[in-house]
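In the two complexes below, chain A is the common chain; its partner is chain B in one and chain C in the other.
Now for the complex of A and B:
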């Protein structure tokens, strides 16, 4: 470990390649903190957006018109506005309207942190797309299947849970993968509302250490790795759900 | 890194050109007197140092300093508005004779132009803080959320030595002001003078906030002449004027006039000169 740091240091003195973020303890710690926040933010919003997608798609099949139009309204609002604008709106415009909580150092703080707002905004944004993705899967399940299930005495809820949803899920995974990959990359927008994620930390480091190029490459490699991991996991999931003879 | 080498070549070229023209006119101070005008590069967008008044005239603390220099030389003053990206080039190209343009001193700039010593001013760092948080010094910031501008040179020091956690850094001043108003942070760390100015300009909006000076070494500002003029009579003349300004309290008085109060660095410099 020490020899690696030594070697990285010599890269800087001999060739001017400044990889200080790997051997300086302070810089490394904050870069890792940033990466951890990115991972947390991604996991939370991916999970929430999938739940929103499933619930939303189910509500769209509802017999109640009100529920259907509320879902439709939600999709239009979140799908048709840029996520950066949503974040600014939530953090700067909506947050002050909510009740404040007293801090132990005498000020009044907003109820939700910037991380929470970023997670909410990203979940709803990607969730709107996921509703449509799941709907496409549900509509691709042959009508004869649901009719057969109804004929066997399944209630509407049971048809959705045991027949339609399991089949739809297998159809939508490729599209879902696309959307969650996009979502992971969109977490960098949280930089704008000062969520200390990877891009935020990287920019702090490159303004202090003036190693813009090296930090850009670090960022690039990090995101390629993280997205690669996500895609790999989604592929594994898709394969494990495969029903022989169905679909492909 | 190529842009750096390109910049270096440009600077070297500019310096060489300046040196050549300097050879042609060895005594700038005599030239200025002969010409009858002193051309000074000043800021026109940085209140209260150099800004435009309602009639479009450039006024401010640095403008008053330029006026004093012209008066001592017995020549007319011509102001040339400059910005950070061209102020050194204008000086080296001979478009201006002197630069008083809120320029902080660093090693690269010392190589590019002749920075007159002693330094005339310094930008410190302060916190526009919620009064209710009762912040008196940087030590009171431990564990508290602080807003700041992304990329400011003092961010690192504030986060590692004072708050002990990451700052809430936004791109621009308006976002920081909004976040502070919303209670998302206890204070906004920024250039002290601009905070004092902000609070004055919008006294009502900021009535629950106060400006707290942070203990961060201020970055000194320097007046500049052409790099080859630094050790000529012209450079020495300017150096004597700055010393005199500190001694006589001219700068303290000017700061009081334009800012309404005095910053610690200037008070100390004044006391030292006496």
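Now for the complex of A and C:
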């Protein structure tokens, strides 16, 4: 470990390659904290967006026209407006409407942090796509399945829960993977509202240490690695859910 | 005496259906996209926010411009930028056009390279495509903004300036290039191999087959995803505000700052900006869906 740091330091003194973020205690801690925030933000938003997708797809099959219209309006609005402006809208326009809370040391702070607003806005953004994805999955389940299930005495809710949803989930995983990868890349927008995620921390490091190119390459490696990990995990999940003999 | 062909080529799309619902002519599009329902929805949402703002403003006590009047005052700036220069929403659109042009040309070349017969070319094109597809847009944008020179010194003493918004165009074109490359590869691979084989039996060379038979069929298949990427790109052009280009996002925030932190303006102004993009992108999305349905292959 010590020799690695020594070698990285010599890279800087001999060749001018400044990889300070790996051997300097302080910079490394900053970068790791940023990466941890990125991972946390991604996991929270992915989970929430999938929940929104499932609820939205269910609402779209509702018998009430108003519910269907509202869901459709939500989807179209969030799909056709820039995610960055959505985030600003949540953070700068909606956040002041909430009450402020007192901290232990007597000052006031907003009820929700910028991290929470980033998670909320990203979830709504990706959720709009997920609704469409789940809806298409539900539509792809053959009608004969639902008919057979109701002939066996399942109620409508049970048909949805035990027959339609498990099959739809298996159909939508590839599309879902695309969307969550996109969401993971979109978490960088949280930079704009000062969430201390990877890009934000990296920009601080390159401002302090003037090693833009080295930091950029580190960022690329990190994000592509994370995307690769996510795709691998989704792939594993898809394989583990596969029903032998069904599909393919 | 010429008989009409009974069917188009089997690989081609279904002939445009002129059903009872009718086909979409070019000029029908506005009527069908902004149906009364969509328009009412937009107006209702917007009206509610403005009303809420107006009501809130009444409590302030001081005589000042109403919310609607304030928005009217700033709208020209947000749309067209400061007088005498290109900015605001116009700049967003301009950047999207330029970026799409650069991204499409480079992307198609890269996509064709992905199906090249040379193994090394194919591998490199694949790696480049994956790299630019899977990197976050904002990181690529920072990459272009911070690492491109602000001007290029040409040998003849010419100096080509590289203002920030040009660098932003380059930065946004990179992910578009990666994605269009993938679209191109997908389209080429979706053409049945029978097309290649039969043109080979008709003595077309590989280049001729590609240019005269494969690519024309690809164009049609690439159009819907291409339009989809254009819409995504247009929305992504707001990212350039982060790196300091005065697009509609920057100008909206400056207008808000100039009004001196009036709380009741925040929601209507940001909503106005969202609506601008919605009005531009929603028709594209709808039209894409229509084309997708029309070009769908009968199975």
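Everything below uses one rule, namely that the second predicted complex is superposed on the first by the 246 of 248 C-alpha atoms of A that agree within 3 Å, B and C clash if a C-alpha of one lies under 4 Å from a C-alpha of the other, contacts with A are read in each partner's own complex, and residues count from 1 in each chain.
Simple rule for what comes next: a contact is a pair of C-beta atoms (placed from the backbone, for glycine too) under 8 Å apart; a residue touches a chain by one contact, two chains touch by 3 or more.
The model shown is predicted, which means the values in this text are computed figures rather than measured ones.
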### Query
After the match on chain A, would you call chain B and chain C a fit or a clash?
fit
### Task
Check the residue A:92 against both partner chains and state whether it touches chain B (first), chain C (second), both, or neither.
both
### Task
Applying the touch criterion given at the start, work out whether A:33 contacts chain B, chain C, both or neither, answering first, second, both or neither.
first
### Message
Rounded to the nearest 10 degrees, how wide is the angle at the Cα centre of chain A between the Cα centres of chain B and chain C?
### Response
70
### Task
Check whether A:203 is in contact with chain B, with chain C, with both or with neither, and answer first, second, both or neither.
both
### Query
Thinking of the overlay built on chain A, is A:22 touched by chain B (first), by chain C (second), by both, or by neither?
neither
### Query
Should A:73 be classified as contacting the first partner (chain B), the second (chain C), both, or neither?
second
### Query
Now for A:192: first (chain B), second (chain C), both, or neither, which partner does it touch?
both
### Task
Identify which of chain B and chain C touches the larger number of residues of chain A.
C
### Query
Which partner does A:108 contact after superposing on A: first (chain B), second (chain C), both, neither?
first
### Query
What is the contact status of A:154 with respect to chain B (first) and chain C (second): first, second, both, or neither?
neither
### Message
Going by the contact rule set out at the top, does A:100 touch chain B (first), chain C (second), both, or neither?
### Response
first
### Task
In the superposition described above, what is the shortest C-alpha distance between chain B and chain C in Å? Please give a whole number.
6
### Message
By the touch definition above, which chain A residues appear in both interfaces, chain B in one complex and chain C in the other?
### Response
92, 96, 192, 203, 213
### Query
What does chain A use to touch chain B in their complex?
16, 26, 30, 33, 91-92, 95-96, 100, 103, 105-110, 114, 192-194, 196, 200-201, 203-204, 207-208, 213
### Query
If you look only at chain B, which of its residues touch chain A in the complex?
1, 130, 132-134, 144, 147, 150-153, 155-156, 160, 166, 168-171, 175, 178-179, 181-184, 186
### Query
Mind pulling up the chain A residues that touch chain C in the complex?
69, 73, 76-77, 79-86, 88-89, 92-94, 96, 181, 185-189, 191-192, 199, 203, 206, 212-213, 216, 219-220, 223-224, 227-228
### Task
Name, in rising order, each residue of chain C that touches chain A in their complex.
37-38, 41, 131, 134-139, 142-143, 146-147, 231, 235-239, 241-242, 249, 253, 263, 266-267, 269-271, 273-274, 277-278, 281-282, 285
